[in-house]
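Common to both upcoming complexes is chain A, partnered first by chain B, then by chain C.
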Partner chain A sequence: MLAHDSILVSMAVVLFGIVAVPVAMRTGRRGLLPYAFAAVYTNFFLVSVAAFAMVYALVTHDFSVSYVAQVGGRSTPLLFTVISLWGALEGSILFWAWVLSMYAAAVVWINSRRPGNLVPYAAATLLFVSFFFAILLVGPADPFGVVSPVPPDGPGPNPLLQNHILMAIHPPLLYLGYVGMSVPFAFAVGAMLSGEVETDDWMRITRRWTLSAWALLSAAIIAGMWWSYEVLGWGGYWAWDPVENASFLPWLTATAFLHSAMVQERRGMLRLWNLNLVVGTFLLTILGTFLTRSGIVSSVHAFTTGTIGYYFLAFIAIVMLASLALVAGNSERLRSTGRFDSAASRETVFLLNNLFLTAFMFTVLTGTLFPLVAEAIKGVKVSVGEPFFNRMSLPIVVTLLFLMGVGPALPWKAASKAELKAKLVPPAAGAGLMLVIALVAGARNVYALLAFAFAGYAAFANLREYWIGMRARRTAHGEGWGTALVRLVGGNRHRYGGYTAHLGVILVALGIAASSTFRTEYEATIKPGETISLSGHTLRLKSMWGREEPQRSVVGATLEVMDGSVVKGTMEPRMNFYPMSQAPVPTPAVRSRLLGDLYVNLQAFRPDGSNATIRVIYEPLVPWIWFGGGVVVFGALIAIFPTGRRTDA
Partner chain B sequence: MTRLLAAIAFAVIGVVQQPQADSILEARTAEVAAQLRCPVCQGLSIQDSPSELSQQMRAVVKDQLREGKSPDEVKAYFISKYGEWILLEPKAKGFNVLVYALPIVLVLGGLGVIAVAVRKWTRAPDSPA
Partner chain C sequence: MTESKSKRRPWVIAGVAAVVAVFGWLLYGGLDKNVVFFLTPQELLAKGTAGYDVPVRLGGQVKPGTVKWDDKTLRLTFEVTDGKSDVAVQSSGAPPQMFRDGMGVVVEGRFGRDRVFNSTGLMVKHSNEYHPPKPGEKPQEMYKTLIKGSGS
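Let's look at the complex of A and B:
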């Protein structure tokens, strides 16, 4: 069929592009390069044809297509039919390939006129990655298989994936972020292949790409947490599930890179390390796709889910070996040109930041893969879950929070004793204040107290940087506070974008610390007319009801939020029954206020509606996590937008 | 800012007041249940999972604790039924020690490398690192 052929043709085109670039370089026939770039655009066109053909097949319920037969269903609402493009393995690989082809086309479109060999080699690298995904699409993850006889209807997408609108947002964001990490990777490889790694140009060119991919990945992780909170009905947002870990791993190394890149820009150091971070981030996105899409970790019968795992492992091995060879071949060019003036400097904090972010990544990676390793080597099944990850990551998290306050406070190069004191002591007021609040509120856990204190320290330190800059502008230019703020940030978007992102991370950290420390819950079985109370909130079960929808049956409870005898509002937790799923899919009701959420889930009910088991959870500061995620993305946007003039402080 | 934070403190204080009924047993149940894996979920504990099986398993935990079993005995009961896999955190014994030790080794080693590197980079202005 058309789509399948389209992928086959794209493979030939991509192969031509991959060969054309080195041939053009070796033989000096640069006239070939436009053809290689044309291959990038053609690939984008051909993969788009395949992707849109798949969406068309989904929407028209063409069950002769294997992927449609697998995830399609006549009763599924249109929106969820369209987004089931990324609801299962084959479709998500197609989506990956499509996003990658789009990125490659955009990169070439923007940079093709740049002289030198960097961009052609980067384009060839992106084509190489495209080729791998094309192989998957014609091989182990072929979505375009022919089903005969054609079934009259399909099962519909996984019920969990068609239960919330966030499923239309979270996966595309995640893929845009994940696949976006291919761009800095391609330029890093291109820089090493072309020998232009000496100039650090590849980092300047990819700075915005990396930041954008990072912002998208951040947004995707937060959206995924939100989805988990709104759909799974357990009142949490992060369970250290392998799928969640997979999205988090490249975020950690990318975050490390955003910081260590500044050391390279300023001091010409850490060049080898930065290349490793970029390659590592890319590999983690591939590993993450492999882990989440092959079913290897969540499945009890690991290693028996088809052959796609071997393709991924082979690709990862090839990329690792090739990168090592390239780094070795470029070791002379990767020498550091700079030095540190003092150990008491922002540079040192960046080193520590990188160590702890990398250690965080390593801890999560080890924990995620350990069950596989233990089963392969020792033949025993073990679980590595939330208690392990919490125990291991909390010391790292509080250290990172502390560093987030120390880093912005310290100057580049060197700080005198007096300067250290003037910079590091005042934020302790923020730490003290938060510590007192946490103690008064009843927190006794050491890590919780440290998290609140260091979050207070970091918030104070980062806000103080704005304050100092604004005050200086007022004195120097006589500007008002608002003007001073806008000009301050506009004059150095990179720096203040970073501080803004820090503030977002602090809000997220506070939300997580508060909701895991002060969360209270209560579960009870009540009859209509009876009430359930938790920490000052009273809910009265008004009625139970049921409703038939085309693709599911819904049972719900209507609860009234009481203030004395006054009804302040209603909440309607539901249970959704899909014909293809044994277990019902919950839809909890959430009532958000600035200081916390009232979260209500319908756990069970008697079919005649005479009683319902209701779980009520009060979740302090959870809305701060979503808001903080927005602030992080806003901070990244500040740094991404072009700077008119740059006044480095 | 201060006023906001004070308001948070107040809100949170209100939250700490637990429902009265057998709250000690509830808390102990929750503690044990948080360490046991829901067999039909992806990585959730039976404390967190709303699934029916988890609710039943929670009830078993609660019953056994009420009968006077210790948390370790309750866990041993579930290990005998499901294997060590049922524990969300592997016992730090034998091969499992690796998963605990490796990250610590990395952090300590990394701190050592940074200490040496910073010393070298700050001391020798002429020779590049």
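Let's look at the complex of A and C:
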């Protein structure tokens, strides 16, 4: 009960902080501000107590705590017991609140000495968000309920969540990314409340926070795709499931913001737009938490019910109205100081990039929320099929790929005709090369061909920027290629970090385009000793086996990867049976090579082990998606890492 | 500058409105064609001929005793019931071990004129909430034999 009380006390502390800031500002008693900051630290301490108490209860199997009774189990391995902290609704709200309190404490710790009213107001905004999550924790998502009589054991976490190590990675990354978006939001609101919106300081202070949150969110999306690929056994990684969409929506607006923020920094434009993007991104993270955790949209992942939805809707409505009022109140201060000089300029490409990313966001949002609207208005249960998302998003995605090649090549302000020709024509070689490769490989779909061509164009254009810079350094300073690369990137981390992230996105795009165009699959029932073949890969069923583990029973097939009569390796697709779950969890085996994955799933078997139905899928370039995701994060890290010598633009 | 701005403004607004309108129209058109209705067997059968050959998500329980799996042709057949009506479902490429009598399923596909629902996708309802197996439900039975038989 210590944990429950510490959340209650934290609410009082948070409320004090929220009130103290405006009172200090209005009455001129700035001596109050350190107390407001202390409220932020105290909140971090109190929520940490609650979070660690929950982890302790989980680890010690204290089934008198309602959340432990819900997700705990004596046979669950320790790691999965700890991570079941975010396995279900109540625990994940507690985790959200804890991460938020940590971010708030860090932001205040770093910035509290800054003069002016921006930081105090930003701190108050973060406390306001904390207060909302505290309300959830004492109300509809209380994890600390008392269970009586105390059950001797619990069911253990959802089998899908304890079947793969990626579930220890994906959710915390997602929450760190989601909650991280609260920081730019808080500073945007703080800037508007304090009247310091003209200085653009809120953007400078939060640049690294936004980039970090974006990098974490990117990593989370890729990890989620990987998990889906490794656990669900259908051979895919993205199904436009509401839960997937929920993580993707704020990523789209955050990506738009990273680009349009540069236009504001360089040219003093898009101020109003940027504030809206930041507020929108924050709202989408709240909406995403709501969608995934309230179970309002049916999804393979989550079905939970309760009144928590109303709390979320109310909070979203309050934030939306308050933000609109603030933006309207600051509209005089948000005038652009610069203007567009020419259509052929980098800022125009950034504007188009924002237009398409926002359109993408609205498309996905419409498809995700339409079932809710249809049910509320017409009373019919519908879902929006994958064809909608694919049909709508493909034109947007290929356009974005093309823009990714054009943007880096164009200068700010205005490009001359000669400059345009010199910059935009050579990357066409990359487009041509990829187009030929795709045609030879057998692609005929227009969007697939466009995706390959534009990915080639963008890859060429971005790599060329490195090459031009390195060549210039070699001539000017006589450096070797390696030194030139390191100094080039080091001298302008923001810019080259961006290009590196572009290259990562291109790798992801190529992986998706190739795997959805050239994927082949075959399924057959074979006896031990027999083989199954698919596009040059032959697998021989060696044996079927079963194994009891403490928390589950495993049935597997051992398959030998054959090269003629030589055994090159073995693959062991399995089915894991968890006692509390009705259906087994498939565990496909994946053999990754540079050009693609051999993906094998055990579909069915005779209980006596006399045969097994095996599905073999060849997935071209899928490893590029995971690697590309890593490159994206690496690019963001380059841009985040503090510059020693020069401040970056 | 302010003058040129105020002259340009109506055009900018008209342009933005046009883009938004076209985009909205595209979205609406895309939705119109790709909305998949979620129906129970009773609702599907009540549609009569209008229920044939349109994409549908059929939700219900696997009717006990109807799951048949032919490991030669890889065809899985079963019936989905809502307690009032049953619909025969045929699926290829679906993992039969995922099925238990009485469990909740959502099958995506089309109802054919031969009154068999051709499934292209199956979703077993996974839940974040936990339900211990119902009495009489023994998922272990089918694989226990293999574990003993293998002797490992």
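One rule holds in what follows: the second predicted complex is superposed on the first by the 638 of 649 C-alpha atoms of A that agree within 3 Å, B and C clash if a C-alpha of one lies under 4 Å from a C-alpha of the other, contacts with A are read in each partner's own complex, and residues count from 1 in each chain.
Just so it is clear, contacts are C-beta pairs under 8 Å (C-beta built on N, C-alpha and C of every residue); 3 or more make two chains touch, one makes a residue touch a chain.
No experiment lies behind these values; they were computed from the predicted model shown.
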State whether A:Gly596 touches chain B only (first), chain C only (second), both chains, or neither. first
Once chain A of both complexes is superposed, is A:Trp545 in touch with chain B (first), chain C (second), both, or neither? second
In the superposed arrangement, does A:Gly609 touch chain B (first), chain C (second), both or neither? second
Once the structures are superposed on A, label A:Lys417 by its partner contacts, choosing first (chain B), second (chain C), both or neither. neither
Could you look at A:Arg444 and tell me whether it touches chain B, chain C, both or neither (first, second, both, neither)? neither
Partner chain(s) touched by A:Phe362 [first = chain B, second = chain C, both, neither]: both
For A:Val382, decide between first (touching chain B), second (touching chain C), both and neither. both
State whether A:Val555 touches chain B only (first), chain C only (second), both chains, or neither. second
Quick check on my understanding: which residues of chain A belong to both its chain B contact set and its chain C contact set? 233, 298, 339, 355, 359, 362-363, 366-367, 370, 374, 380-385, 387-388, 391-392, 583, 586, 601, 603-604, 615
State the interface residues of chain B toward chain A in the complex, per the touch definition above. 2, 5-9, 11-19, 34-35, 37, 40, 42-45, 48-52, 55, 83-90, 95-96, 98-100, 102-103, 106-107, 110-111, 114, 117-119, 121-122, 124-125, 128-129
Can you tell me which positions in chain A touch chain C when the two form their complex? 70-71, 87-89, 155-156, 158, 160, 233, 295, 298, 300-304, 339, 355, 359, 362-363, 366-367, 370, 374, 380-385, 387-388, 391-392, 523-525, 543-548, 553, 555, 575, 577, 579-584, 586, 601, 603-609, 611, 613, 615
Within their complex, chain A touches chain B through residues 232-236, 239-243, 269, 298, 335-343, 348, 351-352, 355-356, 358-359, 362-363, 366-367, 370, 374, 377-378, 380-388, 391-392, 396, 433-434, 437, 440-442, 514, 518, 520, 522, 533-536, 583, 586, 595-596, 601, 603-604, 615, 618, 620-621
Contacts from chain C onto chain A in the complex sit at residues 1, 19, 23, 26-27, 30-31, 33-39, 55, 57, 69, 71-72, 74, 93-100, 103, 123-133, 137, 139-140, 142-150, 152
